[in-house]
Amino acid sequence: MTAGTYKPWGKLDIARRVGADIPEGWYVNLGIGLPTLVADHIPEDREVVFHSENGILGMGPVPAPDEVDTWLVNAGKENVTLVPGAALFHHADSFAMIRGGHLDLCVLGAYEVAQNGDLANWTTSLNDRVPAVGGAMDLSAGVRNVWIMTTHTTKDGQPKLVERCGYPLTAGKAVTRVYSDLAVLDVTARGFVVTDMVEGLTRDELQKLTAAPLHYA
Amino acid sequence: MTAGTYKPWGKLDIARRVGADIPEGWYVNLGIGLPTLVADHIPEDREVVFHSENGILGMGPVPAPDEVDTWLVNAGKENVTLVPGAALFHHADSFAMIRGGHLDLCVLGAYEVAQNGDLANWTTSLNDRVPAVGGAMDLSAGVRNVWIMTTHTTKDGQPKLVERCGYPLTAGKAVTRVYSDLAVLDVTARGFVVTDMVEGLTRDELQKLTAAPLHYA
Amino acid sequence: MIDKQVEDVAQALSGITDGASVLVGGFGAVGQPNVLLDALGEMGVKNLTVIANNAGFEPDIGLGRLIGRGCVSKMICSFPRGSSSFDTFYRAGKIELEVVPQGTLAERIRAGGAGIPAFYTPTGVGTQLAAGKETRTFGKRDYLLEHGLAADIALVEAWEADRWGNLTFRGSGRNFNPIMAMAGRLTVVQAQHVVPLGAIPPNDVVTPGIFVDRVVHVPCGDPPIAKVATAQGGTK
Amino acid sequence: MIDKQVEDVAQALSGITDGASVLVGGFGAVGQPNVLLDALGEMGVKNLTVIANNAGFEPDIGLGRLIGRGCVSKMICSFPRGSSSFDTFYRAGKIELEVVPQGTLAERIRAGGAGIPAFYTPTGVGTQLAAGKETRTFGKRDYLLEHGLAADIALVEAWEADRWGNLTFRGSGRNFNPIMAMAGRLTVVQAQHVVPLGAIPPNDVVTPGIFVDRVVHVPCGDPPIAKVATAQGGTK
């Protein structure tokens, strides 16, 4: 196969990969946007418990249109469902779980990820518009594993995986793994270690789209 | 009436006085020992809500022997009852109420009370026996009104109301009122202000039994 | 007899004056004390500091409406997006903004209610939101010092209330409401149902009445339908 | 399938080794994980640091028995009175003691579970228990710095548990149990009843299963009758 003949993974491909990598029994918070897709891609025989910042453990599948409980929303303010075994609690207890290291995993989006795990995903500048952070800083500082789902580059082709973040940080040394549309990368003491990549993509090509040195296991 | 012809108030007299002075609607914690008596001396037409450190609001009367619920104890580890409107919660929430200033009153015993409100009621020395503090420091530091029920002097006749505590402090500037077996005293910026005293007792006699200057309203 | 229930919303809000700090419960469309917020706006109070997760949503409902009326001079919140009223006032420089991470906001409010003046948290270390804050190392990790956050008033929406002010919440309506009830010096509750004392079993009381000052019966019905969860998500 | 239920007490305690720090729930005779404590003593582990409100009561039950067996080298507690085992070991200089005010103890444990390394509290300022602690002024008042308290193990007694580890408690059995469940790196629950997943309604879960690692079914029945409340009271 020659250089350039590769097809990036689609959103659902990425969600499926993330879902397949979540072990049974993990407590997982899915960020708004892309990460939400992961909920539908957990292997059917595997129990994973989904957490929402606003006081829910045990979120279930999207409700059927005629079965919506409007008293139940997730962190994205969307109506959701509960599974048997779900629990409801208040915001301080919810973030005690997050900050106290009780969640196994959060899956978030990113503007930039640095090779030391620094994450920038909350604002591109304090001046560009109304600053807003939500729960991103708590999640990335508190959860044991922080996985990022993202395109490998911006729409303009700028690398999102970098030596050092240029955008304001959400948390330092937080990210443990990146699932991009081109590769899966662990964040290690050495920096980014590629563990999987799109078929047909060469190491040189992936390096050109990444602003930090890539390592291979 | 000549000097010396007075009779100290009994325990039940003191409890009745304290009970009569608790306004409707107050949230009240009663310390172990003497203060427990107050629960039975709230005027019948008055609602007062009793709190226990181990996670109870709304304790009711002593259970009949054949109606004891052994799953329910108070801070003194005695079996108690609940009234309609009671709530159960955990220890951190219970002390959030105490420390957060949500309780209107606690009634405690004392070894010494100083004229600036300093309270000593947890140990007579760190060396005399096993030191143990329980909830006394939290109650006296956190509750809006701290009333003391005590004999005016020790069994040896030593004053318990003093200029400055000699025993280890439970909390500084905490006590707001003292109900002794001889008098009722408010703790004010001026020091102890006597608002009531046993019939037949003279001011001179009361002063002799008190190791701090007494004032009168 | 203790009876915290008041006859109407006006009585529930009586005494609230210009310059008050106000905790406002709710997350998304659930657990929002919108009737209290509307009445507060109609009272014409000014210069409120409002503490809430968001800065309102629709311009004609609840907090969005209160801001649109010009009653709020400062917002302390985690995610002030999706509110056209707030946007307008913020861009015009007419409203001050303190952005606080959502978990730090929740913990500050709980601390405010629990008599904890300050605590350390790992959230926000090394970020722009750490500016001006003390950083301190415990063990091998850095933490920020954050302060408890109490307020003059807390506005809460509950599912059930009794005359002692014991509360329950429905679905995700719990959210910030119980901790705000703790941190309000005057806590005012709009309750969907007022039930007899004793109707809420002791184990089911979520907010004990000790944290509640006034209850007003507002059977305002179900929240509006929200977006149903999809991959495209909403705002935080 | 997530199933935190283990077959017996031995399995529930497997892996606990000498020198472990152990949070022990319960207050008075209610909510004490006595069966777990007895089994721990039979395992013969040594040099435990135990964190509990008291230092046990009767020498032949629970924590009092564990101490009497010589398994505990340090107690962190608020009220170590009424335990003849503790008295004996303490007077012989065989057990170390850290006395912590009850509310500070509860808040330190909650902080330990909630990722808060330290906080300030008004409790204990100016007392002998402030020795060696930082005092700091916020507003016009002084406060002490206190540290979060997590531990290797938490031993909890619950009323109901399901296979995810969701818990409820009965009567005053809640006490320290929910916050200790949060602060244990390994949280082991002895439950009076094991119920099917979903049997506990979401609003009634007191301790969500995320804080629980192992559940063992121990239908040990009602606590013994205590003193009935009288004026003469008991120990704290």
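Per-chain numbering from 1; labels A, B, C and D assigned in written order.
FYI, a residue touches a chain if its C-beta (ideal position, glycine included) is under 8 Å from a C-beta of that chain, and two chains touch if they have at least 3 such contacts.
Please read these numbers as outputs of a predicted model, since none were measured by experiment.
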- Label-sorted list of chains bordering both chain B and chain D is C
- Name, by label, each chain that touches both members of the pair chain A and chain D. C
- Comparing B-C with A-C, the busier interface by C-beta pairs is A-C
- Message: Measuring between Cα centroids, which chain is at the maximum distance from chain D?
- Response: A
- Query: How far is the middle of chain A from the middle of chain C, if each middle is the mean of its Cα atoms, in Å?
  - Reply: 28
- Euclidean distance of C-alpha centroids - chain C vs chain D, Å: 33
- Item | Separation of chain B from chain C, taking each centre as the mean of its C-alpha atoms, in whole Å | 36
- Query: Counting in whole Å, what is the centre-to-centre distance of chain A and chain B, each centre being its mean C-alpha position?
  - Reply: 56
- Message: Among all residues of chain D, which ones touch two or more of the remaining chains?
- Response: 107, 110, 114-116, 121-122, 169, 203, 206
- Item | Set of chain B residues in contact with two or more other chains | 88-89, 95-96, 98-99, 142
- Task: Indicate which of the five shapes (line, ring, star, complete, other) describes how the chains touch one another.
- Result: other
- Query: Which of the chains are touching one another, listed as pairs?
  - Reply: A-C, A-D, B-C, B-D, C-D
- Item | For the chain C and chain A complex, residues of the former touching the latter | 27-30, 53, 78-81, 86-87, 90, 97, 99-104, 106-107, 109-110, 121-129, 169-179, 206, 222-236
- Note on the structure: The chain D residues in contact with chain A across the complex are 1-2, 110, 113-116, 162-164, 166, 182, 197-198, 202-203, 205, 208-211
- Message: So in the complex, the part of chain B that touches chain D is made up of which residues?
- Response: 11, 32-34, 36-37, 52-56, 62-63, 65, 68-80, 88-92, 94-96, 98-99, 126, 130-138, 141-142, 168-172
- Note on the structure: chain B contacts chain C in the complex at 24-25, 27, 47, 49, 51, 57-58, 82, 84-89, 95-103, 142
- Residue ranges of chain D in contact with chain C within the complex: 107, 111, 114-122, 138-139, 141, 143, 147, 168-169, 203-204, 206
